[in-house]
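In the two complexes below, chain A is the common chain; its partner is chain B in one and chain C in the other.
Up next, the complex of A and B:
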């Protein structure tokens, strides 16, 4: 029997999404099915052998599938990333029964992950731009709510993401045959600029970032935390394709310097914006910009192993974003209120686990020692510092924004409102609510002490980009 | 493994007491377990003096596939061993003196905290690399944060706890930055050879944590847990920071940065002088404890700046051992007041006493104004110690016979260890030192004693009469200086800066996230394209 990898990780999740839509009246069942399928696909991607024998039945796996005249090829080397994407989707699906999460989240998250998986393997690879646009369009219903502000945010998201697509397609058209051009041909620079602008818009680089805080402020934390993980991850890995294919890109020192500059700017701008935020959800949005900045910084140090760090940052980021989104969602559902620093004053006395979870999630993303992102961030920053002192110091100080915001949050959490000056502890945390927090924090600590032990094979996807392993 | 044994024993004891307290609380059994685990750990540490230096590799991140750097190890050397022994000794003294504090803050839960904090403190002191120290500091800070917040004191106090935690986090981030600088220059390193580029930032990290660079005193009001567990809670992080200072290289300042050195020396000398003055004027020893820590820590930091980090150790010992002798002396028993005077042995700096080797650190390249100020601060610290030590006790309780025996035993232990450390604590400890520095300082102390008697202030009570002009000036001045040294102006300035950025940020948000935001974005996009393509010129 022959099966193809795209059938398993693209077509099957789409079928599962359809089942979830059919089961929308039975939320518990759809939750179990969606999560089980997502985790099942993750496990399959992590441990699937080339040939599977089940008694007399031998299943041979092919890596390609033809579809409407195009080909989707999911090579074995990409499976660790697919495993991470589906595991992350499963994690978010587990928290999809939180109050306020749109019903559409389950099927749409599966479709989004399937589209992203297809984008990683579609040939000609420029079709990935269309698949990413599909992903954006599909995600609109789960982001939407009835408020005007939310509609404006979604419209902004849609407009900017759509604006990026033509840039990528035009760049692809310009890049055709670029390898045969002389190195001083103006077409090379022009195609690189157009390509860069497309990616800058996709990655919400300043000044194309406005949709990020808008979406984070006006959407559900579970939904936007998922989107903020999956979308930049897909775009960044898709970006590796270009470096792998075009020698002039990966050998251009100027390009890497520009990427570093943009990375540092994003870290500094995002960091300052996070530090001065009063709104908890907007702070998340600006931290996403900082994280994208760190990814760009890692790419800029590609010759020193930066791409490995960029990939290694993904699992801790997924865990951190999930915990951050989960705790925000729980807090929001408790109070049905605007999540700003004033509104949450004194809440640590009522929700010590929830507030601790939120604090630790933020610290983990910020790169606090002991927590998951720290080993990678310190290695990356040291390398950048060794290569360029100014960039290293700016990145370090920009990265402090989230630390400052977290201390401000801590101050707010422990500032009882005036009428409750001597407030006793009044625990309202429930065990099922804080159990996921404890488990995630334990994993974050394990990842912080033993880096690379959670999803260790994530760096193996570099085998799919053979040229990137030998960067000068 | 000898390095890990005391930590393991303490943690085991802590867990055992916690379990007993949860299942069937037994005060006596819990105390016995605490003392047995404390004594066993203390003996192991004492024995380990014969095997210095000892290293234990715990974990390595060096992995070519992941391109990660760094390793975790524990290091027990001549710099850390005195602090390890001192911390263990004050734990043991705490447990023994706690027998007499059953009516106050002595409880099995407090011993659980004390044993655990000491174990973490030992881990932090023995950190062999900056990575290990960072992790240890993070854990110690989190434990202290949760412990203090659980005390449920006033809103004001909770704010102070968080601010103190913020300062501690800043010191961890400085350690982070120092490690980055060290790795960028030399690759992975241990505390045996700290690169100079990292050394200066490490000193700032330790200085910030100790409250001396810049002077910051978020904890001016001590929490409820004042003596027993409270003392360990205060001293363990201090000991870890002092060890970091002792391990720094001799040259941490770039050549030609003499101005920076002068500025830092001035800051440290003034911090020491202010803290010493407040120590003398403090209502009691517990109220003066933050100043006690700052003053001695300034001495240690000055030694590092002067390129003699090893000379900071005796001042660190005075901070921990002589200080704890005073802080654990509760309830007061008039007959054994003389024991406290023996605590002076570790502080006076007379030839062949433990602090004699510390003068070299204060003198540095030569006698300057700052050295003089430090000598004055030293004299004030001694006077303050005498004042607090000789104060008649107001709480002489009726003690059980066994408590009457073990209470002084705890204090005697501290004195004994101070003497032992003065003999062979670290290389070069038994020395006549710069005897003339000791002479100047002790002469000043004597002069102060005589003068104070002249002005009607009879020792041991150095509190000035309410009617005296000096007292009035001090009463007017100190409360006004307090907000300055409490770092509140820095917090206010930080708030102002954050406010400024917040307003800029709001303006940008209103531009980019407003109705015309998308047009602004497109405009910038067009500008960017025209800029990148040379404005259409070509």
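Up next, the complex of A and C:
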């Protein structure tokens, strides 16, 4: 029997999503099925042999699926990334029974991950732009649109993502045969500009970033934390295709300098904006810009192994975002109000585990020593400092933005309010609520103490980009 | 053939101007239908008619979905707009048209040398008008209509560059997906305004 990898990681999740829609009246069952399928697909991607023997039945796995005259090819080298994507989806699905998470989240998250997986394997690879657009369109119903502000945010997100897609397709067409052109050909600069614009819009680079804090402020934390992990991850990995395929992009020092400048700008702008926020969910949105900045900074140091750092940042980021989203969602359901620094004053006495989880999630994303992102960010910042002192210093100070916001949050959590002076405090955290927090924090600490031990195979996906392994 | 392509370009120019100037969904629906007809004629210059017609059918389907939503919502005719407002929008539309006619020949020369000028003009006209429309509106209906126009303009130009069945299929998915997303946003906008009205009562 022959089975292809796209059938397993693209078609099967779509079928699972359809089942989840049918089971929308039975939330517990659909939660179990969706999570089990996502984790099952992640395990399968992590440990898949080329040939499966189930008793007398032998299943041979192919890497390609022909579809409307083209192919979707999921090579074995890409499976670690697919494992990460499905594991992250499974993690978010586990928290999809939190109050306020839209019913549509379960099927849509599976469809989004399936579309992203297809985008990573479609040939010609430029068609991925349309699959990413499909992913954006599918994600609209899970983003809240119950107020005018929410709708405005969703429309801005939708508009910008739709405007980005043609830039990528046109750039792809312009790049055809560009390798044979002389280096001073104007076509090279034109195609690089068009391509850059497309990616800048997709990655919410300043000034195309306005939808990010708007979405984070108005949507459910579980939903936007998932979207902010999955969308930039897909776009960044898709972007590696261009470096792998086009030699002039790989060898252009100017291009890497521009990427570094943009990365530093995003870290500095996002960091300052995060530091001065009062709204907890908006701060998440701005720190997403900082994280994208760090990814761009890593790509700009590609010749010193930056792409490995970019990939290694993904698992800690997934865990950090999930914990951040989870704790915010729990807090939001408790208070049923605007989550700002004033509203949560003194609440660490009521919810010590929840508040600690939130603080640690933010510290982990910020790159606090002993937590998951620290080893990678310190290595990256050291490298950037060695290569360019000014960029390194701006990145360092920009990265402090989330630290400052977290310290403000910490102070606010511990600030006593009148009611607590009159009444003794009592623990309101429940064990099933804080168990996931404890487990995630333990994993974050282990990742920080033993860097590269969580999803170490993520860097193996570089085998799918042979040219990037030998960057000058 | 040249007459048809010129006729298509004129249709597109008039249609995009109507879409930017007027706000009545009935007028816009008709203009959008005409615009897709013009786009189909331009795509048919590069593709076989049996494949180009997919763009026409998809466009009409997508715009019908939005039009039927407007009909279901029983949108009342908005109050007559001031002449100054209509004049302003018409003027901005005309400016975009003039700009596209100036830019298109140099774009043909530098970026799309093998593509017919009428195709570039038609495609850019729709894309340019969309950017103007997006800048002027923030409500679901005009934004979604603008995105339809933008995609249609891009498809006209891209059809002259590449012919692919999968790509055509993916564009169909995107157009229909956009119409469904538009319906979702329009319906939720209506529900919000209804709940606000109930609260006020």
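Methods note: the second predicted complex is superposed on the first by the 465 of 472 C-alpha atoms of A that agree within 3 Å, B and C clash if a C-alpha of one lies under 4 Å from a C-alpha of the other, contacts with A are read in each partner's own complex, and residues count from 1 in each chain.
Keep in mind that, in the parts below, contacts are C-beta pairs under 8 Å (C-beta built on N, C-alpha and C of every residue); 3 or more make two chains touch, one makes a residue touch a chain.
A quick note: this is a predicted structure, and the numbers were derived from the prediction, not measured.
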Could you tell me if A:166 is touching chain B, chain C, both of them or neither one (first, second, both, neither)? second
Touching partner for A:193 - first (chain B), second (chain C), both, neither: first
Which touches a greater number of chain A residues, chain B or chain C? B
On the A-aligned overlay, A:459 touches which partner chain: chain B = first, chain C = second, or both, or neither? first
Considering only the touch criterion stated at the top, classify A:368 as touching first (chain B), second (chain C), both, or neither. first
Touching partner for A:308 - first (chain B), second (chain C), both, neither: first
For A:414, using the defined touch cut-off, is the partner it touches chain B, chain C, both, or neither? Pick first, second, both or neither. first
Do chain B and chain C land on any of the same chain A residues, and which? 159, 163, 186, 190
Touching residues on chain C, where the partner in the complex is chain A: 110-111, 127, 134, 138, 140, 143, 146-147, 150-151, 154, 157-158, 161-162, 164-167, 169-171, 173-174, 177-178, 180-181, 184-185, 188-189, 191-192
For chain B, which residues count as touching chain A in their complex? 59, 61, 63, 65-70, 131, 134-135, 137-139, 149, 152, 154-155, 158-159, 161-163, 165-166, 169, 172-173, 176-177, 179-181, 183-185, 498-499, 501-502, 505, 509, 512-513, 517-518, 520-522, 524-525, 528-529, 532-533, 538
The chain A residues in contact with chain C across the complex are 67-70, 127, 130-131, 133-134, 137-138, 140-141, 145-148, 151-152, 154-155, 158-159, 162-163, 165-166, 169-170, 173-174, 186, 190
Note which residues of chain A are touching chain B in the complex, please. 156, 159-160, 163, 186, 190, 193, 197, 201, 207-210, 213-214, 272-273, 275-278, 304-305, 308-309, 312, 348, 367-370, 375-376, 378-379, 381-383, 385-386, 392, 396, 400, 403-404, 407, 410-411, 414-416, 421-422, 424-425, 449-452, 459
